[in-house]
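Working notes for the structure below.
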Amino acid sequence: MKKVLIVLGSESDLPVTENGLKELKAFGIGYSLRISSAHRSPEFLHGIVDEFQAQGGQIFICVAGKSAHLAGVVASMSQKPVLAVPVYSKETAGFDSLLSMCQMPKGIPVGTMGFGNHGFINACLLASQIIGLNDKELSTKLDQQRIDMVEKVKKSDQSNRMDFE
Amino acid sequence: MKKVLIVLGSESDLPVTENGLKELKAFGIGYSLRISSAHRSPEFLHGIVDEFQAQGGQIFICVAGKSAHLAGVVASMSQKPVLAVPVYSKETAGFDSLLSMCQMPKGIPVGTMGFGNHGFINACLLASQIIGLNDKELSTKLDQQRIDMVEKVKKSDQSNRMDFE
Amino acid sequence: MKKVLIVLGSESDLPVTENGLKELKAFGIGYSLRISSAHRSPEFLHGIVDEFQAQGGQIFICVAGKSAHLAGVVASMSQKPVLAVPVYSKETAGFDSLLSMCQMPKGIPVGTMGFGNHGFINACLLASQIIGLNDKELSTKLDQQRIDMVEKVKKSDQSNRMDFE
Amino acid sequence: MKKVLIVLGSESDLPVTENGLKELKAFGIGYSLRISSAHRSPEFLHGIVDEFQAQGGQIFICVAGKSAHLAGVVASMSQKPVLAVPVYSKETAGFDSLLSMCQMPKGIPVGTMGFGNHGFINACLLASQIIGLNDKELSTKLDQQRIDMVEKVKKSDQSNRMDFE
Amino acid sequence: MKKVLIVLGSESDLPVTENGLKELKAFGIGYSLRISSAHRSPEFLHGIVDEFQAQGGQIFICVAGKSAHLAGVVASMSQKPVLAVPVYSKETAGFDSLLSMCQMPKGIPVGTMGFGNHGFINACLLASQIIGLNDKELSTKLDQQRIDMVEKVKKSDQSNRMDFE
Amino acid sequence: MKKVLIVLGSESDLPVTENGLKELKAFGIGYSLRISSAHRSPEFLHGIVDEFQAQGGQIFICVAGKSAHLAGVVASMSQKPVLAVPVYSKETAGFDSLLSMCQMPKGIPVGTMGFGNHGFINACLLASQIIGLNDKELSTKLDQQRIDMVEKVKKSDQSNRMDFE
Amino acid sequence: MKKVLIVLGSESDLPVTENGLKELKAFGIGYSLRISSAHRSPEFLHGIVDEFQAQGGQIFICVAGKSAHLAGVVASMSQKPVLAVPVYSKETAGFDSLLSMCQMPKGIPVGTMGFGNHGFINACLLASQIIGLNDKELSTKLDQQRIDMVEKVKKSDQSNRMDFE
Amino acid sequence: MKKVLIVLGSESDLPVTENGLKELKAFGIGYSLRISSAHRSPEFLHGIVDEFQAQGGQIFICVAGKSAHLAGVVASMSQKPVLAVPVYSKETAGFDSLLSMCQMPKGIPVGTMGFGNHGFINACLLASQIIGLNDKELSTKLDQQRIDMVEKVKKSDQSNRMDFE
């Protein structure tokens, strides 16, 4: 079963997803990554959303740039949690996708993450945390990941610390 | 026949339309003003758009604030011209609705006007210019309106000019 | 059991929560609303977070303005989902709290909602959707709410539509 | 007959137009592309606008960067629809041309598109939609283009979709 | 003789000019204040500019809001110095008029001042400095004004200083 | 002895200082509050800075709005720590004073605080922390203040917490 | 005699001046280009300003980036016209230098131009226009330059125009 | 003894520190540079802060990008002065880290410097000024540094000045 549906507004957004997908795999979370546009192929998008829900899907992660309506449109089609990852464009310094995503009108929630690669990793982690609420094993993996993260920071500190007296 | 369909994302946007509607009436252009949300009632919106096109409608004017997806979603449902009027919200100084509207992805055009009342008047005028391309009488009215506008500026200048020597 | 912990950075943020709390009550979701600051009372905050988790809490909603670190700090203390609601301040037009929340570094996810009252309602709805993933009854209520929402839009359209021919 | 007049504020804006012009050609829409500046050659610009209108021209597309007054100045010379395409400059992240175009005063409408190449393609499509209002054949081509667009998205989805279970 | 021509894009900008005009009067500098729009009445504006130059006018001060093309358009009509005063509008926090004025393309200079009342006072002072380059008496008045300004600051300091030990 | 010199660019900035001055008094830190402008009275400002340093002054707090050069200019006159408090103006949403202060060129440091009243309180606290580095008694008071702050948060939590089950 | 004093905040700003200096030379306007910082060398700057005025100098052009106080500080030292050219830095997309320059407090005027190379050319042209107010020969050269500019646009149009029918 | 603790949110911020560290060394100020994250390793960070204070440390310099909570979190752990250096990210043009740092709530002060390398140098200088308040020798070195800085500007002026008459 695929628990997470990742939808990209365009295949040009694919590089953004590489590291986050590894996280999902490491956690053993089934996902499907699809390309569809809220504007260019709204009915195809509707089909993808319905199909995902029908097979028991739980969480959407939408990745899009510019007037990034994808997450909002998916949220209008479903009552499952929708997370949004804005993609930077130099025009407007990325404020176009960020504001298109995070200022949703009341009633149709979208949870917006940071930009691009890092934002997508965090979307995958937040999805994992949501699934982990009812999955003891996953929850334990998430706790372990935090412990590993601290170790990584400590190692980075050890390699790089400088002292001058 | 209603040639222009005005869609508001929420009835709270109604005050924005008052002056522009007068322009349409003065030009004798049939219109329908409807309330529907891209997010809260997508199918109802689709019905409104289809109904409008079926009766021979030509141009859409979409008014919305915040993550203003309305115009983009309407544009994804139709091949008729779509104009968009952003509504100010103090958070982000209005950049949310402006950028949600004007940075549409290639393939699905939306023509964005200025904010609020003035932007809506201009949307009505642009719609009139489009209709006027094939309507001699309307075209003459539009020319007259420009002449009146110049007279109004001249009168304003006459009443307010100050000279100091 | 309280499933949702709402933390406000300051009691001045209380008015933001009124409408969203009604939603949680209507859905029968237990919550606790607490005041604590990431900066002024970090240990007290840690205690609140730990206590909430110990009694089986699931989701955090953090409300804060300006350099709004609250959500990020809570996210660093827990592996449960954290949602963030920025509060507007006229200086910087609200970009301070928005950007402090949504640009979290990889590894520590926060899902950012829109500003203030509307954003908080949506945070409550997203929390409900998350809980609803494993709660059939709640899931049905959420579906009903969407149906009600469409009806409300249709009524608003009926009361306000204007036609001119 | 040339139905669309494209005016560039400077020849450095030429690369922006390449893809959009292909669309116009594909639709069989006659156009003229000219270089003229609202500031450096206002009378020459006026001549170009008048000449275009005299031969039956219908729609203007103005492309400019920085303090992009071109579209507004053309709109002040004509009652035909004017579309505007802002060109990015790194200073101010493109907000200079965008805001110079979209915040036109009431009475002189300009429809602003997105930035650069994509925005220009959309300007060409919006112009085509306007012409298509009274051109059955073109209208059919536009409908076909949307169908092709959906196919393209579906192919992109097919090539790129990933499933992990 | 009127040495300074003040042009307002709209009579709603009049309150901005009150204090600056007093400065010009105090310096004995002849001026004419006119209302005209670059967009609504371009030819009328051209007439005003030509008339001003014909009678020996020297400096333009243009006051406008939103897509504030007035100064740029006047600069395209003349080789006399043009100063620009942006007028605040809440949408975009005033960046619309500011960026429309200050990012002029090379070849057509405009000197942009700060917003509104204060900016207009400074435009009047800069115009006075320009005229003072060839007017000994005025130059002496300007020097005196700076001395008065220092005295005013010192008095303000005397009235408000607080010391705590 | 006055250890802190507060300089305001204009007496209109006085309301910003009320609460911060109370903090300095509570800590028993001598200060002088003066009005002077970097632009309108540069030499008078220089005199104030020199006088303050001559009597053993240690830290500057500069409060200014718009093109807020005051802190930078004071920093160019002294090698004592300079803190800067930006004052909001609606034009540019306060970014004018903020960016004028915080982007100082290398070699002339200025520490920028938040806007207005809250920023000024923090400037007073940071000045107190600096003085406290060599003042045991003050250092103890500062520690006590943090303890009081936590108590205040806890009381606020007690009065406002809500629980729903 | 040098009529124009160009001051750069840092030698790294030199490339910005290349094209503008050619304009001044072509117009036969004497200038001096100096490096000095408002913050790092305020007294040296004062000396340069005084020396320039003593030898009959008329206009200042100040070029600076980041917290660009240079123009404001020069304006506080003189009653001659001061023009300012902001230099882009990627942090804040150039808004730091722009807003530090254009939001000067009332009483100390600065005329802000566009960014960098183009802005500096325009500063040189505006300085030329100011000098040309009392220099018939220069005034004629400026008129000729506009005529040349129109020819250049026409040639660019001729080389690049495209027609499709 | 290490008087200054530099904390980086990530080892990717190391290049920012190179020049500033040279300043501290030149002034003979002991420091420790550590890597730790407010979010990924909050307890490890707490340990570093406590250890630094226990050995007599005085000033913190925190370097971070994006939702840069590091300085605020350190300030919540200590009553020693905290300086903050934002690191640029292209998304949002750096406003994310800047606003996360400078808009701290009242009670927990942070002094924000400019971006990156230059900002870090200034943080080191401000730290030196603070230490210099009670260190005659260092204070003399700081005065000498300003004298050297003036000489450097003068030399740069000498090498680059241009005169045209």
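For reference, chains read A, B, C, D, E, F, G and H in written order, and residue numbers begin at 1 within each chain.
Just so we're on the same page, a residue touches a chain if its C-beta (ideal position, glycine included) is under 8 Å from a C-beta of that chain, and two chains touch if they have at least 3 such contacts.
Note that the structure is predicted; figures quoted are calculated from it, not measured.
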{"item": "Shared chain contacts [chain D and chain G, defined touch]", "value": "E"}
{"item": "Chain pair equivalent in interface to G-H, over half of contacts matched, among D-G, A-C or A-B", "value": "D-G"}
{"item": "Between the pairs A-B and B-E, the one where more C-beta pairs touch", "value": "A-B"}
{"item": "Self-contact between copies chain A and chain H, residue sets same or different by half", "value": "different"}
{"item": "Where chain C and chain H are represented by their mean Cα positions, the distance between them in whole Å", "value": "35"}
{"item": "Between chain H and chain F, distance of the C-alpha-averaged centres to the nearest whole Å", "value": "18"}
{"item": "Rounded Å distance between chain C and chain G, as computed from the means of their C-alpha atoms", "value": "51"}
{"item": "Contacts with two or more other chains, residues of chain C listed in rising order", "value": "10, 37, 40, 66-67, 90-93, 95, 98, 102-105, 107-108, 114-115, 118, 149"}
{"item": "All touching chain pairs, where touch follows the definition stated at the start", "value": "A-B, A-C, A-D, A-H, B-C, B-D, B-E, C-F, C-H, D-E, D-G, E-F, E-G, F-G, F-H, G-H"}
{"item": "Chain G-touching residues of chain H, taken from the complex the two chains share", "value": "86, 88, 90, 93-95, 98, 114-116, 118, 149-150, 152-154, 156-157, 159-165"}
{"item": "Chain D contact footprint on chain B (complex, rising order)", "value": "19, 58-59, 79-81, 83, 98, 102-115, 117-118, 121-123, 125-126, 129-130, 132-134, 139, 142-143, 146, 149"}
{"item": "Of all residues in chain C, those that touch chain H in their complex", "value": "9-10, 37-40, 42, 65-67, 69, 72-73, 75-77, 89, 91-92, 95-97, 99-105, 107-108"}
{"item": "Residue ranges of chain A in contact with chain D within the complex", "value": "1-2, 8, 10-11, 14, 21, 24-25, 30-37, 40-41, 43-44, 48, 66-67, 90-93"}
